[in-house]
Structure formats: structure tokens, C-alpha cells
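Attaching a single structure in C-alpha cells format; questions to follow.
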Amino acid sequence: MASSDIATLLIHCPDRPGLVHDVTGFIFSHQGNIIDLQQHIDPEQNAFFMRLEWSLENFTLDNEEIESRLQPIARRHEMQMRLSFASQRKRIALFVTKENHCLYDLLARHESGDLPVDIPLIVANHETLRPAAERFGIPFHHFPITKDNKLAQEAAQIELLRQHRIDTVVLARYMQIISPAMIAEFPNRILNIHHSFLPAFVGAKPYHQAFQRGVKIIGATSHYVTADLDEGPIIHQDVMRVSHEDSVHDLVRLGRDLEKTVLAKALWWHARDRVLVVKNKTVVFD
Amino acid sequence: MASSDIATLLIHCPDRPGLVHDVTGFIFSHQGNIIDLQQHIDPEQNAFFMRLEWSLENFTLDNEEIESRLQPIARRHEMQMRLSFASQRKRIALFVTKENHCLYDLLARHESGDLPVDIPLIVANHETLRPAAERFGIPFHHFPITKDNKLAQEAAQIELLRQHRIDTVVLARYMQIISPAMIAEFPNRILNIHHSFLPAFVGAKPYHQAFQRGVKIIGATSHYVTADLDEGPIIHQDVMRVSHEDSVHDLVRLGRDLEKTVLAKALWWHARDRVLVVKNKTVVFD
Amino acid sequence: MASSDIATLLIHCPDRPGLVHDVTGFIFSHQGNIIDLQQHIDPEQNAFFMRLEWSLENFTLDNEEIESRLQPIARRHEMQMRLSFASQRKRIALFVTKENHCLYDLLARHESGDLPVDIPLIVANHETLRPAAERFGIPFHHFPITKDNKLAQEAAQIELLRQHRIDTVVLARYMQIISPAMIAEFPNRILNIHHSFLPAFVGAKPYHQAFQRGVKIIGATSHYVTADLDEGPIIHQDVMRVSHEDSVHDLVRLGRDLEKTVLAKALWWHARDRVLVVKNKTVVFD
Amino acid sequence: MASSDIATLLIHCPDRPGLVHDVTGFIFSHQGNIIDLQQHIDPEQNAFFMRLEWSLENFTLDNEEIESRLQPIARRHEMQMRLSFASQRKRIALFVTKENHCLYDLLARHESGDLPVDIPLIVANHETLRPAAERFGIPFHHFPITKDNKLAQEAAQIELLRQHRIDTVVLARYMQIISPAMIAEFPNRILNIHHSFLPAFVGAKPYHQAFQRGVKIIGATSHYVTADLDEGPIIHQDVMRVSHEDSVHDLVRLGRDLEKTVLAKALWWHARDRVLVVKNKTVVFD
């Protein structure tokens, strides 16, 4: 029955006494050993959040049984639960356009083992990055997009993603607005990288806006994509100091370092089931 | 004729060949030794910016003569010039309301000699911080402000500032909107500290806005006050990482450290004539 | 029996299954509601660390009873426990020499309510900061220290601290090495601020060392004082970018902002019982 | 005669009046327009440093003439000068071992045009990264190194670098100590990335040392290689916050992001002739 796997449980429910006790009791009673436990209470919303990792080494339940056996606790406390196993890596589709920095960065991390996901395919609306994809041996699917074919092409993309049992879509500088069908297919499972410190400089050409405003710091934001452009739950942000000496061109160049590290970190947390979304905000169990 | 003083010259003009050569020639020809020279060219606007510090130790002109003797160069190149002397410290009025952190921070820096300005008076719209002012021996002027008396009180404030030959107004968490008369009296000489990373969260209660949006980083911005609320030229910004664990109350508490250091640094640059304002942006010669 | 207080429990013991379950069971069984729970496991040392905050509002035990009632659990798991109550603020002695920035910073935070401690007294080896202490109405005790009287003066200081039931000593830029008797009296309860990024630049004049080495970033470190100079467990560190333009004097001036915020944050964590020391390292439950 | 090129002049000499005036006079007299001028004075050493960029568009001298025509000024002021042209990109050799993150990062920047250098070859002491080099179409030279063949292999490397007219060697996580012959061949032209915040954690396994000491921040340092291991002039440093939750393995993983951005930025400055080395410290004209 035992496996050397690790289970992760994300929980969200109304706060009340005894929640931690109940859940840890379940794990303890089946010989699981907790490796990491983080909980958070939002007193304003009376909401309880918890992330729990435990070793399955001596666990007395099969992986397939765990979810159903947790149901009584979940029902009793009105819990929303998400159970996952370290052994089942998420399957990621990378969406790109022409810029290569986020793509190369993710592929290099993947190759060196730093990014615990599978990347079965890359989707692009231009041919530009096909050689980059091919260098890393990852199938490249080109969906040229025009005003007229956009919905049809997205439907074809969704079909492709289903075939490959894709779990999460990563917009690695994909310069297209995602339509509602795709968002509905991957709720809180599409990550975007926006090249500004949101909510500053929403929309197009944020570095130009930043230059225009004369800010002294630029940023990048990774968030889940929702129906409201650049308004989805923020997962991670970082910033960098700039000065009057930096042209728009400099901001674009410098900002790439932010974009790639911010997106990679957000994806890492997502891949490790460290992100809970509640009412357009995230709880990130770092 | 010689003095151990230091002169600082800020220049802004259309870019053209020979500018540095002409100005340094003037200094060299009167036995001045340049201590620091920074210049910057904005190719888009074809604009030239320079800051120059030189020792007056062996300088052959009196301080009073320098400006007029520079005029031919200024006229030839359509230069806007600002000349100042380290020996003439700027006279600052601190405006406060109830929060003490920026006030104490500036007064402590001033007392230890880290802030090269004079602070002849403090202006407040509440009595709260009178004891703080008195501890540091600085005259405290209380101007209670209501909807009805606001313009009259500001007129009285301006009169007071004139009497004390105030050069610069620092809004050290002063919770009143400054009216046009005051702004006209101190063009690019009123510094404000806004408790957000502008242009995000303009206006009231930025920490509440930040909490609401779920940002992962908060900021503070010091800028010159102009007629457009929170839209003036940005002098300095800094940020700090926060998490889902932080309540609005935590953001307010944590943000105070940003507010005080950002305002103090902006004022330090201003006091040392390191800031040039051009078209709602600043050039900060750090 | 109930109170509106909050209890905090810090636990450190060998890791084994059921720890969280046992402790949360105790709280749950007496009607306590957990507000915050953080735990951490160090797999290398097989060590378990936990911090738990719970509301005493409906708790069925008196504050005085809690510790003894926890003993069976503690014994069973070989736990080292530290129990504290938010209502019992720590009593702090500030030790200073001549520099005022950390002193003013802590006093201003204290006055505004941001630092949940009592400060019954200030100890100094020079008279310089007596006016600063008096401004804030805090008794100032001058212990001039020479090579000959050092041990006698420290003995007198210890006596004074005992009289005032001081819990924690904060060396707010106190320029004396603390002798073993004082360290033994306050184990892991003396906080120091060292003006470098430890372990770089141990010992005297770290800014001079930093300038000499040509580093591009300077730092400050707050740590608990142990018998080994500058080698105690690190609580908090922060850094700041500098450049070739900065003289030693500039580093000293700029570094003060680091010193005061790093010390204040370390003290805040300490005051809130968020720091556990294990084998010369800290676990900071942020 | 005119070209659309840009010339860069780095100057280092004893400080005296008239230096800026003399050099800008030379440029002005030949119809050059200064694009960027930065100077710095170290009053302690009485040393003058300047970096000057000017447009050659209307310049009346050929590129080949400039250096000799500058000689009279250089001699008069005992200047050390370095003249370069944007059109002549530096030729870089990347040295690697097994880790791919810095290599991929530099190759991706190079491919996207962000790194203005030529990379004619990669040198490695293991075969591991040959596929990575081949993906980007850059010749890969394997020099296996043992205790016995080390000097002979380095001699062969130097020969190879000479053949390819290599200007600068970049140790992109090359796990070998460079011997004096190589250092003599490329004085202040070998860049290393050390995975700690120097001077903390010199030598082997800095992340292990950092973990052992319990620091709260880790860093990376890019420096020029000199005969003293990890003691060469520092070009750039950056840091990242870590916590007690991070294992050595986490520090290694997280630190890679620092290593690659710090090395890339140092190389960018070096490639643009923005770094002057004086007495084991750098002046970086940012």
C-alpha cells in the first residue's frame, strides 16, 4: 500500500475551531507524517486556508482512496479541497509569440530539473520561435490568428490541449487576448506575465506608459487570467530600479529579466500546488 | 576673493555640440576645480541636462558675480540655469497632520547632521504633533482647516512662509489637498510623500486599495506637488514585499518605513540641488 | 475564566507523527480558536518547530493554568515550550552610545504604538543621548565605562535591569563588547545591530572594510549576542545598493537607514515571540 | 570620413583642473557630439575617472587616427586611456562545466540581440553542455582537465583563444581555478560569477556555508579574476531573501537566478566599456 510519494492538500473553508485538529487527525490515524503545514485565517472574511504536505511512505491508504475518505471531513466543514501528488507532474502548454526570453528561460529550467512539470507542447501565433522549440525537442504548433479566424483557432487550440491532457496554460509573452471559452476551460489555470507592476499600466505598451510617467521603478506581474484584462488574481510581482537615463528601449531590455523570473516563480508555485485563489486574490503558501 | 564653499550649477537646454566645453571652460578660466559633473542627453527631446559641482577655494570670482558672468553662455545656448551654494542651506517648512513617523524621522536626521537644511517651522492642521515639535525645539504653527476657512488659512500659511523666507515645503503626511495659490508660490518646491507606488492607487486610502487588489508588493512615492493630484513629477520610489498574511493594518504599519525613507531621500536630493524637473519628469543626479 | 487575550506557544522538539494533532487537540478541547499556526520541519536534524496563536476568548483554562496543563504533552514529545500572552508586553532596556538614529527610530515607533513593548529605561556609556531620552520621558542611566571599571559597571547594569524586571536588552548602536555575565543573564535576549551584511565584515569599522573591498551592496544584520563576537544567531538582514561614487562617509550615512529598520524589525519579531533559536540559527515565523 | 559609429573613451588620471575642458575641446574641435559623459573624482586618491561617448557622424577624424591624435592630451595629463568603437563588438569565450543556467541565459540574450558581443566559441572541461552549445550553433571545445594535464590544457586553451582573437573570457560557472598564465593573458578581461555575496563565503560551496551560518539573504558576485581567489575587483552583486524554510538545495536552486542575472549584467557593462579597474576596485559607469 505504501509509496514513497508525497501528497499535498489545499483547503479553503469557513473558519471554525477544530479544523486543523480534524485534518491532522485523519493523516495521523493513517500513519502519514506531515512534512509541511501552513494555514492562514482571514478574520475579515472568517475564512480558513490550509496547505498540508505529508509523506505517503507508511500511509495506510492508496492514493486513489484518499479523496473519498476525506469527504466526511470536507462535508462537515464545508471545505473546498484540492488533493495532488508530487508523482503526478502537471502538464503545461507554453503559449508564445515572438519574444524568446520567457520561453528559453522556462525550457532551460525544465531541462535542468528545476521546474517540476511536463511540457508536451508549445503553441504560437507566429512561426518565429519554432527553431527555439525544436532545439529543445518540444512539438511546436502554429496557429496564425487574424480577426476573422480567432475563435476558430482558439477552438482548435482547446481541442489540441484536451488531446494532450494539458492541465495549465502559460502565456509566456503571448500577445493575444484570451477569449472566454479558453478561460472557462482552464479556470485559474492560465498564467500570464504582464510587463508592469499591476495595477499600474494596464493594457498595451506598459513600458512606454512607465517611461511617459517617469517612474523610478519598473515591475512585472504574473497573474491568473480572468475575463477582465490584467485584472486577474496576482500570484507574484517583482520590481527593478530605473532612472532618467533609461530610454523606453532600455526599460524593455531590463524588464525582460523581471518578466522571466517572475513568471518562472509563479509557475513553480503553481506547479507545487502552493497557490489558492479566493475572490480574485491569491494565498501563496511560500 | 576665494572661499572654501562649493557651487552647484544645474543646466537644462537644447542639445548641441560644445555645451560641456563651454561651461567647463568658464570654470577652468576662473581657477575652479570641478568636483562632480554629470550630464544627460534625452535624444528624443534633443534636450541636454547637466549638474556641475566645483570648489570655490581658488575661484577668482565672488559668489555674487558668478550668475551674471554666466549669462553670456546661458544666452548663447538658451540655457535654463540654477546656481546654488553649499553654504546657503535651504529653509524648509514641514507640514504635518497626526502621524509622527515622517516628522520624527526628518527631525532626527536633521539633528544628527544628515539632512543639510534649516527647519525654521512646522505647520499642522491638528494639534497632535505639537509635543513632538516642541521636543525638538522647533516652532509649531497650528492652522485648523475646515471647508469654510481653507483658503484663508492657506493664505495665512503662505504669509508665514514668506516671513520666514521658506524655500521648500515638505508635506510629511499632511492630509490636506494643497490649493493652487500655494503651488504657484512654490513651483516644484513642494515635496509630497504618497503611500503607494504611483501611478497605482492614486487618491485616498492607497493601502486599502492595495489590500483589495491583492498586490504582492507595496510602495511609496515622493513627488513634487502640481495642480493634478498625485500626478506631479516623481522624485523617488521604493517598494516592499507583502503577502496574503498582511492585513490592511499591517500594510499601513509596514508602509511607514517606506514613507519615511523615500521622503527623506527625495528631500536630501532636493536639498543638494540634484533634481531637475522637465515636463513632469525628473532628472535625478544621484 | 474567559479573557480577550491571545496566547502564543513556541515549540521545538524531535519530529514525529502526531505533534500538530496533539497540540491542536489540547487547544480545541478547551474551546480555544487557533488564529495562526506555522510549523516547520528540518529533515536534516529531524527537528520540529511550531508557533501557535490562539484566542483566549472562550478558553476554559485560566492563563496561569495553561503551562502546567501542557506539561504532559511536552513531556511525551520532549518538547521545549515557550508560552506567552499578548497582554504581557516585554520590558526592554535600550543600550546606546552616541549615535541617535536607532534610538529615535525605536522611540518614535514605541510612541506611535507600532512596537508592542515597554521601555522602562535607557542605558548609555556616554551622556550624549540624555537629551534625546528626556525628550521622550524615559529614564536615562549613564554608566561611563573604562578598561578598569568595565566589569563593575556591567554588574551594576545587571542589577539595574533586574530591579526593573527587564526581559530583553537591545543594543541600539552600543559601542561596547558585552561580557559573559550579561550574556548569561539574558540568553538569546540581547539583540544587536551590526552594520554589515554578516558574515562579511565582522568586527570594527565594517563600512571602512566595505569601502576598501569595493562592494556594490552594503548591509546590516540584527542578531542575538553570544560569546562569539558577531557570530550569534541572525534574526534579520537587509541590504542597499551603493556605487563607486559613495565615500566611506556616504556608506555610514546611507547605512543608518538599514540599521534602524533592520533592528526595529528584528525587535518586533522578538517582541511578538516569532523567533526560535536552535543551534546558532533562528527560525523566524514571519 | 564621417561614419555613423559611436566612440567610447575611458580615462583615468590624477585629478587636476581643466581635464574635462581639454578632452571635450578635442571632441568639439573635430565636430563630435557628446552623447554621454560621466566623470568621477576620488578625492582620497586624487584620482579622476571619465567615460565619454560621442557620435562619429560628423567627426572629422578617421577612427584609426583618433588614438594618436589624443596622445598629446594623454601625455600632458598622465592619462591612461582606452578607446573603443560600438561597431567593433568584443569577442567572448564562454567557459562552462556542467551547469547550464548561465550558459543558456547568455546564449538567449545573445540570440535576441540584448548582448552586444560575438561568441565564437565555448570551452568546457566536461562534455555535458555540448548539446546546449550545438543547439545554438556555437563551436564547443572540450578540454578535460586532470591534476596532471591542467597546465598543458590551459596552454592549449590560450592558444585557441589567440587564434580566435578572443578579447574576454567569461567563466559561466566554470568549476576550475584559473592559473596565472591565463590571468596574465587576459588582465581584467576574465569575468567570474561567484555564488555568494563576496567577501562572505569565499571558496568552495558558498551555499552550504550560507546555510550553515543561517543568513537571511543570499547573493551572487561577478568580479574580474585575479591571482587571489575570489578577491578580484567586484563588478556587480545582487541578493535575494531566504528563510529558515530553505534547505541547501533550495538555496542552490534560488541562487541560480541571481547568478545568471548578475553575470549577464556585469558582462553587459564590460561589453559596453563601462567598467574601469583601479587598485582592485571598479568604477562602473552605469
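To keep things simple, chains are lettered A, B, C and D as they appear, and every chain counts its residues starting from 1.
Quick note on the criterion: a residue touches a chain if its C-beta (ideal position, glycine included) is under 8 Å from a C-beta of that chain, and two chains touch if they have at least 3 such contacts.
Here the structure is a predicted model, which means the values were calculated and not measured.
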Subunit D against subunit C, contact positions shared by both copies (same if over half, else different): same
Farthest chain (mean CA position) relative to subunit B: A
Inter-centroid spacing, subunit D versus subunit C (mean Cα positions, whole Å): 42
CA centroid of subunit A to CA centroid of subunit D, Å: 36
In subunit D, residues with contacts to at least two other chains: 40, 43, 245, 286
For the subunit B and subunit C complex, residues of the former touching the latter: 99-101, 104-105, 108-109, 111-112, 114, 135-136, 245, 253, 256-257, 261, 264, 286
Subunit C residues within the subunit A interface of the complex: 15-21, 24-25, 27-28, 31-41, 43, 241
List of subunit B residues in touch with subunit A within their complex: 40, 42-44, 197-201, 213-217, 219, 233-239, 243-245, 247, 280-284, 286
